[in-house]
Amino acid sequence: MDRDIIILAYSGGLDTSCILKWLIQKNYDVVCYIADVGQNDDFEKASQKAKLIGAKDVIVEDLREEFVTNYMLPAIQMGLVYESRYYLGTSLARPCISVGIVNAARKLGAKYISHGATGKGNDQVRFELSVYSLWPEGKVIAPWRLPEFFNRFQGRSDLIEYANKENIPVAATPKAPWSTDENIMHISYESGVLEDPSVIPPSGIYKMTRELAQTDDYASIIDITFQKGLAVSAQIPSGQEKALIITDALTLVETLNKLGGQHGIGRIDIVENRFLGLKSRGLYETPAGTILHEAHLDLEAYALDKEVLRIKKYLQDKMADFVYNGFWFSPEAFYTRKCLEMSQESVTGTVTVQIFKGSVSILARKSTTSLYNKDLVSMDIAGGFSPEDSTGFININAVRLKEYARFTAATKKIK
Amino acid sequence: MDRDIIILAYSGGLDTSCILKWLIQKNYDVVCYIADVGQNDDFEKASQKAKLIGAKDVIVEDLREEFVTNYMLPAIQMGLVYESRYYLGTSLARPCISVGIVNAARKLGAKYISHGATGKGNDQVRFELSVYSLWPEGKVIAPWRLPEFFNRFQGRSDLIEYANKENIPVAATPKAPWSTDENIMHISYESGVLEDPSVIPPSGIYKMTRELAQTDDYASIIDITFQKGLAVSAQIPSGQEKALIITDALTLVETLNKLGGQHGIGRIDIVENRFLGLKSRGLYETPAGTILHEAHLDLEAYALDKEVLRIKKYLQDKMADFVYNGFWFSPEAFYTRKCLEMSQESVTGTVTVQIFKGSVSILARKSTTSLYNKDLVSMDIAGGFSPEDSTGFININAVRLKEYARFTAATKKIK
Amino acid sequence: MDRDIIILAYSGGLDTSCILKWLIQKNYDVVCYIADVGQNDDFEKASQKAKLIGAKDVIVEDLREEFVTNYMLPAIQMGLVYESRYYLGTSLARPCISVGIVNAARKLGAKYISHGATGKGNDQVRFELSVYSLWPEGKVIAPWRLPEFFNRFQGRSDLIEYANKENIPVAATPKAPWSTDENIMHISYESGVLEDPSVIPPSGIYKMTRELAQTDDYASIIDITFQKGLAVSAQIPSGQEKALIITDALTLVETLNKLGGQHGIGRIDIVENRFLGLKSRGLYETPAGTILHEAHLDLEAYALDKEVLRIKKYLQDKMADFVYNGFWFSPEAFYTRKCLEMSQESVTGTVTVQIFKGSVSILARKSTTSLYNKDLVSMDIAGGFSPEDSTGFININAVRLKEYARFTAATKKIK
Amino acid sequence: MDRDIIILAYSGGLDTSCILKWLIQKNYDVVCYIADVGQNDDFEKASQKAKLIGAKDVIVEDLREEFVTNYMLPAIQMGLVYESRYYLGTSLARPCISVGIVNAARKLGAKYISHGATGKGNDQVRFELSVYSLWPEGKVIAPWRLPEFFNRFQGRSDLIEYANKENIPVAATPKAPWSTDENIMHISYESGVLEDPSVIPPSGIYKMTRELAQTDDYASIIDITFQKGLAVSAQIPSGQEKALIITDALTLVETLNKLGGQHGIGRIDIVENRFLGLKSRGLYETPAGTILHEAHLDLEAYALDKEVLRIKKYLQDKMADFVYNGFWFSPEAFYTRKCLEMSQESVTGTVTVQIFKGSVSILARKSTTSLYNKDLVSMDIAGGFSPEDSTGFININAVRLKEYARFTAATKKIK
């Protein structure tokens, strides 16, 4: 009798290796799926390990360009920031990986998809909501939420014992005292010693960015060009670096990551609200993402109409929640994304950015689609504007305020 | 016959000095009002100049503590940021000064208030809406909007000519190639050579903060304590600086300004939307304000319930617009402010902040009123949380998404 | 050994009677709790039935006044309408009942609370979220979500069979072809033959309100008085009815229900979105609630400042979702409710309402706290308003529009 | 020397007739523009009067179809309701008329446009903002805001005296004790005796709709079909009326106006907030608009995803303000309108509406694009839904609430 095929999102780590074995023992044909979204892993070694453990097949898929083009840069275009600070590096990778794994599941005729995410985190939600949206007839198996599994493996030592017993290679290096998620957009650090928000994180935790004290002593200048809100190129004039023009999306992000990392750009240490109702503390470093977000924010304010900007702001705050919560493929996210994209019609131009000592400073911006009118605003030019009109404008705005003041005799109460 | 008393918001500069003379020639008894909101001016010299020109009296009022206590710190408590970047330093000073000048007008039995703000800017609006709210029976005279005045004084040279003719002392120093507004919270720079958003500002423009390249090579650590969202004290441990505990609001802001200035904290260069519908470019430096805003943002995310945070966010964006547009004393601002203050009941605690090389980094935070529960979020503790519940949570959230996917056969269209 | 006490929300119907027996057989001491929120039930008969089945005790609590005073009238004060049409009659009763049952559980030292709500509906969520908020250490047992129970009782016939076997009296009357929820605020009708939204509901379904064709041929006039947004009295002038002044909250609602029912007020037939992601069709009749909501809406628009009204509107839409979804006792609902109440400071006055043939018509309103100023608005009185100011107001508002028009040459594209 | 051409929005009434003469005396060539938006006027008579007074030419343009197709039905599609009650009948007509008059001005090489709107109302704003958006190089002359004019004509008697002197025919009928604005969508009544909100309006004021007591004693049933949110046809089954299928937009509105009028549909009496900051009382009757809005609201709730509905709701409230305030041709309205239209992709289907005695009752609705799934919601069918999942969903939602309850010991404070 044929065994059911299950696709396992595999990392090569202890958890998913044990899950792989456990699923095989549960009589599944397990195909491991490894998405390369830019994390610094040895995919070849992970593949071999999976095969050694007994995976029927291993798929390694390079999703970096897909991730940058269809998730990271659109998120910057939309201006997505979760709870005012987090650029959603992990949240954006989940739907991207889900597309890859669902495509694999469909192609191989799999009935199930499995993953190693735990039961308290956001990633299980993001991953599964994406999978179910893309593959409503599919079924996700999450061992860390199955009593049979989580009762058996109550701690890391249970996993190691099982690994030893089943001849699963265990890395000699001890587990880091926190967990990380890494992709081309960012690295996150959470849990373990970081769980106490009053504890200053150990130095040397960050991997993509230098400590401020060790950053270069010169500033780098970058001209970043956007078309309809999407970053399309960067130009680095000849300075300390070689003059450079980049137009490829993946290279753009890689270059800004490198440069931003050198200058210590993009670290945050926050407490955030998970979708499941918990608060959790996370550290993130997002060098290229931070530079691009700051540049985009500047160009957008320059180009967009004042009132359109406000409606767009409302929509972007909603969209950030949708994405954080795992609803990238929901009706509301499809709709809101289209609205947000539509707002970016005129967000075309170039922003000159200086990065230095952890700071992104906007120096200048150019756009042929901006509504900015130098003559109109100039104090020295009267064009199109009568000072007397301002009197009427103020007086009419004051009508309601005077009424209110008279009515409440507010003046007496106002300090 | 008695002449009508008019109170003139006086700075000692060329514009308000000419206006002072002009009002006297219009047969008013002019009392000059100089508000000290922390700008670096010689108030004694300005007073003498006013009297020399013919002011009936000069009032110099120290509003610094009032400004810090009732405007700046509440704005940080409310989280007010205009168009995602501007901390409203000028906008907050206008209502504060308006209270002072209206009190003077009332006390002196004045019928009019006058000012030197021009007809295209925000400040005329903020100033007059505040005055009319506080003093609905009063009347504002804005010479720069009166044809009789602005037709006569079409440029700086007309003012200088008039000053010379009327024996008004004119400063030997040439006019700066931009205009500034200064108070204890910030300095703004705009117009003149800054009007072209594509021009990189001249170096050396900033006065409160050092260039990043000239900042100190050590980091400063500050513990900032908030009670119900209001900054109440700062503690600077013994490091490069002397150990220090500050509990006085004014000293707190002055100290953070000095320290922040040394570390190059709080510069922005933005294009913003004025209330009158124009876009304008402004540079701002807000050292203490930036440090306090970042610290407050962190504590708030830590302490507040997730959903309360979202409603508060909506309200704070509205309030920032009200304040920017000059509606500090409006019914909507009174109401929204009360709502925002109410949201801060549990925002009590201490944030450890590092300032260094232009960056504000949050290192840690403590609060006895935070909803953060380390045990709940810990991956190693099961307390109060069943992994199986997450399955139900995800599945129920997926019901709507699956329906949508089935209905639209969205899977085919999704990349 | 002592048996654990469980409190069962009991109705006397087939479902909860079977659940009662089943819980007894599961070795619980079951205390039945019957909340009187105004539904037309025979509580004495239900009590006897519960005791006959084996309940350890039965508590019947009259919550009508509590419900009207602390839930229904505040909901009208807050302006709560779900998805633009539904006045939340059922949603509001759940937290009220939850308080009653939790108080009973605490008093009796119970460990569990149980109910007969099914697994697809909103009420299980509202009930349990309220219970857990009020009693976080408690535990809810929902038999309809336990496989052991729902696999055994797969349809009504299984319940009847069980009832017959266990000597549980079964009503001779057949089950209605739809389900209802009734309280003093409304009756809802859903499921069964109503599940198909394209089917016109059978005539005669409604119980609180007459068919329009059978309503009285005269109009009734009512003066309804609000204090700070809360309905405090109604006056019915001598017309077809006896002249009447009502100041008791419960009597107010009862009287308006009776009068509204006679005039056919307050029926809706809608498709709504449940919290669980399903769409469902419901019919509701809310006579007093509809009259009070319309009157309150009118007074509020009359009394409130324009911009406060808009912020309040945003908050009320959020609050309606919180209440519908079962979050009455959540941090966000506590906060939003306080904000909404604060907005009602000036919503004091009297609205004259005509009810007739299913329509609520506002005839007039009076308020000493309204910002309405007849002289200001009058076309015949110039007071406080210069027509020339309007020119300036319009011209300044046009600056941005003209810029946009010029820039986009929008005029060519505009039809 | 050639005289400048000015286009006057002309009604034939006393005000615009006097303005016509006055403009001629000011040495303009005046072309009168009369827009037929469905008001019950004698356009031929008005034309002759204009010519008699001295108009260089008179243009009468039938804009009814344009108004219905491009303003009224899209407003219903967008769900525009101002301050929860007003369907914007007048606000929508202004931009439509503005397009007509600007086209005329362009064609005739006019430099000016003039109108008879007064200085306190909304219509001057709507009219002029529309004109300036469409014709930024143009100039509007509003005599009622010119001191030369409003000082000369301080009341109606001054106008009559001038008319008599200048041989302008004056209607024998006395001025109505209120003012009205009429078009195919609605008639508004305001000012005069209506200015006091506590006065019950005189009976017999309404013209499009019958008094409830005089409506027919049978109900009419109408099936209204929408495509992507736009009303495209109505079918009236054979009942008291002849069976009828209407697919022409103008006829649709006319028919529903007639039928709605017979049944007394669509009257409101409200106090609203004008853009200029005043509160004013208005009566409106909008028979067809009310029927169509109610039907659209029902279909939309049926067809749209829950979360999309909420975002759309936010946008529609913003758009209603834009339209009321005169910003139909603004960047924000163009943008928001596109977003709103995009939300309506699936709002296609048919709603069965009963109109009777002033009430619009929804009886049933059909749509092949609705997300409604009868099987999913049915209590008798388990499909796609596990009751156990609801437990997890509730428990996870309760995590945050329990935390809050524990933390605040809220249970003690909650009533």
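Going in written order, the chains are labelled A, B, C and D, and every chain counts its residues from 1.
Everything below uses one rule, namely that a residue touches a chain if its C-beta (ideal position, glycine included) is under 8 Å from a C-beta of that chain, and two chains touch if they have at least 3 such contacts.
All values derive from a computational prediction rather than experimental measurement.
Asks: Among all the other chains, which ones are in touch with both chain B and chain D?
Replies: Touching chain B as well as chain D, we find A, C.
Asks: For the copies chain A and chain B, give the interface type as same if over half of its residue numbers appear on both sides, and as different if under half do.
Replies: same
Asks: Based on mean C-alpha positions, I'd like to know which chain lies farthest from chain A.
Replies: D
Asks: What whole-number Å value describes the gap between the mean CA coordinates of chain A and chain C?
Replies: Using C-alpha averages as centres, the distance is 41 Å.
Asks: Hey, how far is the Cα centre of chain A from the one of chain B, in Å?
Replies: 31
Asks: When the centre of a chain is set as the mean of its C-alpha atoms, what distance in Å lies between chain B and chain C?
Replies: So the centre of chain B lies 44 Å away from the centre of chain C.
Asks: Mark out which residues of chain A touch at least two other chains, giving numbers and ranges.
Replies: Where chain A meets two or more other chains at a single residue, that happens at 276-278, 305-306, 310, 330-331, 371, 373, 376, 385-386, 388, 390-391, 393-394, 396-397, 399-400, 402-404.
Asks: Note which residues of chain B are touching chain D in the complex, please.
Replies: Residues in contact with chain D: 305-306, 371, 373, 376, 384-386, 388-397, 399-400, 402-404, 407.
Asks: Which of the residues in chain D end up touching chain C in this complex?
Replies: Touching chain C: residues 70, 83-85, 99, 118-120, 124-125, 128-129, 132-136, 142, 144-147, 150, 155, 179, 191, 195-201, 212-213, 215, 217, 219, 264, 267-274, 276-281, 297-298, 301-302, 306, 309-310, 313, 317, 321, 326-327, 329-331, 334, 352, 356-359, 361-366, 370-374, 376-380, 385-388, 390-391, 393-394, 397-398, 400-402, 404-406, 410-411, 414-415 of chain D.
Asks: Can you name the residues of chain C that touch chain B in the complex?
Replies: Where chain C meets chain B, its residues are 276-278, 305, 307-308, 310-311, 314-315, 318, 322, 330-332, 335-336, 338-339, 342-343, 396-397, 399-400, 403.
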